[in-house]
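Have a look at these structures, which come just after this line.
Each of the next two complexes has subunit A plus one more chain, namely subunit B in the first and subunit C in the second.
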Partner chain A sequence: MSATAETTAPEAPTTAKGGGGGRSWVPKLTAGERVRALIILGLLAIVLFLLPAILSGYWINVSTDTAIYSVVALGLGVLMGRTGLVSLGQIAVLALAGWVAARLCFATSLPFPVILLLSGLITMVIGTLIGLPALRLQGLYLALITLMLAGAIGVALRTTNFPNGGAGFLGHTESDRGNGTIRRPALAHADTAFFRYTVIVVAIMFLIALLHVRAKPGRAWAAIRQSEPAALAGGVNITLYKLWAFALASFLTGVAGGLLAARSGQLFTLQFPTQDSILLLAAVLMGGIYSFWGAIVAGALMRLLPALLDNWGLPADLLTILFGVGVLQVLLTAPQGIVYQFPRDMARLGRLIGGLFTRARGAPARERAG
Partner chain B sequence: MPSWEDFKPFIITGLALGSVYAMSGVGMVVLYRATGVLNLAFGAVGAMGALIAWQLINHNGWAEGPAFVICVLFGGAVTLLYGALFGPPLSGRDPLIKAVATLGLALILLGIMSWVWSDKARSMILPSSNHGFEVSDVFVNYTQVIALGFGIVITIVTGLFLRFTNLGTAMRALANDREITATLGVPVRRVEAAAWLGSGLLAGASGLLLSNLVGLDATTLTFLVISSLAATLIGRLRSIPGTFLAAMGIGLVNALITPILSISQYRDMTPFVLATIALFLLSGRRGNALTGRAG
Partner chain C sequence: MISIKGLTVRFGGVTPLDHMTVDFGEGTNGLIGPNGAGKTTFFNVLSGFVRPAEGSVTVFDEDLFSMPHYRRARWGLRRTFQTEQAIEELTIYENVLMVHEHSSKEVRASRDEDVLGAIKFVGLTASPYAKVASLGAAERRLVEIARAVVGTPRIVLLDEPAAGLPDEETERMGKIIQKIPGEIGALVILVDHDMSLVSACCSKTAVLDFGKLIADGATADVLRDDKVKHAYLGAEAEAAA
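And then the complex of A and B:
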């Protein structure tokens, strides 16, 4: 992929600086990055304080879902965009994480943040165990084995179902409403409060991923993605860093699963259909696998767009078709996804319009357009 | 532990299911060997063909024969169209990218299917399902016989075709090295088109048979491709006899677990579990054989 070199380039100076000051995990920021960080903090403030004020309860829940799925997309982005490992089973991992979180919730009376952390860690262990043998496989075979494992997890979960307060290890009762719901954090019971809580957790997850990418693991992943033999020759511990990528992605997905469990109160297998793993892959590809903004776009494509279509009275199946077309279009013409393509196309459009105006005034348009 | 009598009826079910898996698997292997594309939309194409046949029979008053032919032809046409449009621009890319691109086709077809034919339960019974004969107290219907016969015949014919015909030799050459084959004067595009068409026809046929053996539901049929994919994986995406045997094994194990009540509910995990074990064993024995490249 020729696009990879381009995207890593702007990050190179900062990572070099960060690594320069010893083994610092928090790199010094350049002026441009400080501005960017301020913009992001501003956006975060708007999301935290303005959105809950103007949105209705339904849209708050949709926004919560969008935030959660953007973390799932982030996990796939770490695997696919950063390290070059394609997983077709991330939704199965999410379902597994939801199961773990629900199980912990009904079995213990731990506070919610601990449950969140534990479900992240347990999913991380499971994900790494899956990744361990998969390390021998590459490319297509790795993608297919994740598809197989996702299928197996799907069948198992459809049979065992999600814990809803029943007895025994599986903890599922057949009664309609189950015995109680998965609890939410003590300070965020209402939907709006839980939305804020989710956004903050999601922001922390993005920060964790960002710190990884900017530090040594990120450089190792980039080397592995570009060429495994070259990375090996360069002294990169390929096994360690591939496992690290699996671990980080599973941890992120695990936390997302915990949030989703608390958001829904009860989990059902219907929430994790097989095609969602493929839709997620499509959404992440369309959003842009090389950028963190792409993960947010992917989350919106997964959860916000269906709600919008529903609101406008359009069938949600249109979305599936759109995703299919999107995958083909991304693979053929724009491997970097919407986050890169959209500003570029907009800039081109802007130049075109600007060119029209200047030409109308008789000025040479070529200088501007160049 | 159930007795032999309990297992008997499931042998023929397993063989029939296994042979349809084998048919889909062979279709995918042929295409992968010739073009390097693992067609993950195989199931979606078959499902849509079957749904079109259903529509023609139940709403347009077609006779069954022509409708089934349309189903098979639809499979061929869609696959060929995709191959003609997206095969050449993606031909130089990684096999993984090519496989992911076919997921795009699968999503488009899936979207159209659930839009046009909403997820209502419907069924299509092939006329051959109503007739059959008994083998030692077990009723065997002709659809199962046809499936088994098709699976075996198609495997043998495809194997011989790749081995002995000019077109088959050209396909095997393409699998080895596309550039060198082109320099030798093989019409690459035409050979690839033949592979797309053949694989598409098989997709249509297996969609038709599966809709009868398993049920006519867009999502189920689309993702049933994962089960036949398991067989091709055990055949390491190359071997046609290997794929056939693996598919039969998967079908048999899957069906024979049914009477064992303690694990009966988990029987659909069979293809995935077998494929996972096989992949790990294969990758352990030959570390570099599974690098994801064709040939």
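And then the complex of A and C:
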């Protein structure tokens, strides 16, 4: 008993400093977290400097899309993984955000970061309104409502189309290829520069989500997801925090939509089929819905995998089959997703291989049990 | 002091609480009754999960029903659940902090002291920074109690806090419950089927049967009451005896 008390003692002061000074928003990092932060910064540096050096223009654009879709997946992770709210309308929200960003780009001469922020905020308001049914509905019914809303948004966008420099509020013209493209930030016109720009914005989005999850809203969401009665009994305003989750997810998706608009130059309704929202859910489930790394894996499954299939000359329809098999596999063997399964299986494989060498000493019974 | 007058709950044709009128005073109060007697429904009414058809609940001279349910925790009403509801994804510290930051008025200054104090109060020996998912049943129950006593609770409702625990853990739980009125300063209502726990903790006990209050008074007297024995053992068992 005294041994456990002693091990807890050195940890206590770190948190005491974090909470005591009134800065509860940003918790003080422990040693392990500092190491993890350094590793993440290292990976970020590799992505920013090494990838552009070795990838061709086509794959740079695919990487940009992957980064953008990982933010969309992150939004769904906040909703479903953290708060337990099902949404099958995230791709429609992304399309809406693209529309808003395109509209802002053609109507104003605001700097690009402002356009990103505004499309994030406007999408946040719309997404929160979409989240209102979530206060009354749960599970399958909420999924159905969000899917129907996604369908409705799809229909509306097919009739109005995306702004491409035309006149009026809708800003769409049928004249040949429109009147121009959605502009990119002044700093990042070229594809490689825009890739770097995107990665940095995406990193900021992940940081915003992390700060939420580690702070008061994250704890409230965890309580709501596991047990609404326990959350209520603890004084959590469930209405507020559910809407907050929708607001954050929509803001993230809104910024992603702004990036996607600038990346594509022109947006088309074909880019946002309603079934992509369902594929996104499958991808997020496969990647790992409770993890931020899972969102990155999901982004790769949504955008990198189709590009790879295309590159290998395989039909794109194969993706749906792969996703189906993948979801089944993950749900049966690793509900927490690939990001947990992969290290676990690697560790198992390591033990197996290690077991081959130690078998002579009579150790194999142990790794079977583990 | 909680004063309940004519509290009635109806679910369609079922009446889980039927004109319940009782007062709970300072200290630890027992609330017992056979399964389905309405004990948990009563707690759910106080928490705001269930809307009563009639009746009033006055807590320390305030009308409880005038507060929205999530405000009741801030006012000082806390509870635990029959099936424990410690949040697995969070650490022990975060579980307690979650309640503290949503239910206390001046949070920042004494936050750490309060949270660690509550964890210490229930005698959890695991690291406060351990995930609840890694804890056993008894420890999770203690996490729930810590959540209920952190900050400045005024009323703590304990719904079968010792359900499923072995005897020595139940005894330990009893000692912690007994400390709540004195050290935390909250009124406690304890629902449990373990009569030794109830008699150890509660000087006064009320008995519900089919939603009706059938006895109320000193615990020892209540447990000897014929009506109570009848409710628990049933008419046939009594006839056989």
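Just so it is clear, the second predicted complex is superposed on the first by the 336 of 370 C-alpha atoms of A that agree within 3 Å, B and C clash if a C-alpha of one lies under 4 Å from a C-alpha of the other, contacts with A are read in each partner's own complex, and residues count from 1 in each chain.
The rule is short, and it goes like this: contacts are C-beta pairs under 8 Å (C-beta built on N, C-alpha and C of every residue); 3 or more make two chains touch, one makes a residue touch a chain.
Computed from a predicted structure; not experimentally measured.
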Q: Report for A:349: first if it touches subunit B alone, second if subunit C alone, otherwise both or neither.
A: neither
Q: Quick one: name whichever of subunit B and subunit C touches more residues of subunit A.
A: B
**Q.** First (subunit B), second (subunit C), both or neither touched by A:227
**A.** second
Q: Would you check which partner chain A:50 touches, where first means subunit B only, second means subunit C only, and both and neither mean what they say?
A: neither
Q. Does the superposition put A:35 against subunit B (first), subunit C (second), both, or neither?
A. neither
Q: Look at A:141 in the shared chain and tell me whether it touches subunit B only, subunit C only, both, or neither; answer first, second, both or neither.
A: first
Q. Once the shared chain is lined up, is A:236 touching subunit B (first), subunit C (second), both, or neither of them?
A. second
Q: Mind working out whether A:219 is in touch with subunit B, subunit C, both or neither, as first, second, both or neither?
A: second
Q: Show which residues of subunit C lie in contact with subunit A when the two form their complex.
A: 47-49, 69-74, 78-79, 81, 85-90, 93-94, 97-99, 101-103, 107-109, 111-112, 116, 125-129, 147
Q. Along subunit B, where are the residues that touch subunit A in the complex?
A. 38, 86, 89-90, 93-97, 99-101, 103-112, 114-115, 219, 222-223, 226-227, 229-230, 233, 265-266, 268-269, 271-273, 275-276, 279-280, 283-284, 287, 290-292
Q) For the complex, which residues does subunit A have touching subunit B? A) 86, 133, 136-145, 147-149, 151-152, 155-156, 159, 273-275, 278-279, 281-282, 285, 315, 317-328, 331-332
(Q) Which stretch or stretches of subunit A touch subunit C in the complex? (A) 1, 4-5, 7-8, 11-12, 15-16, 19-20, 22, 24, 216, 219-220, 222-223, 225-227, 229-230, 232-238, 290
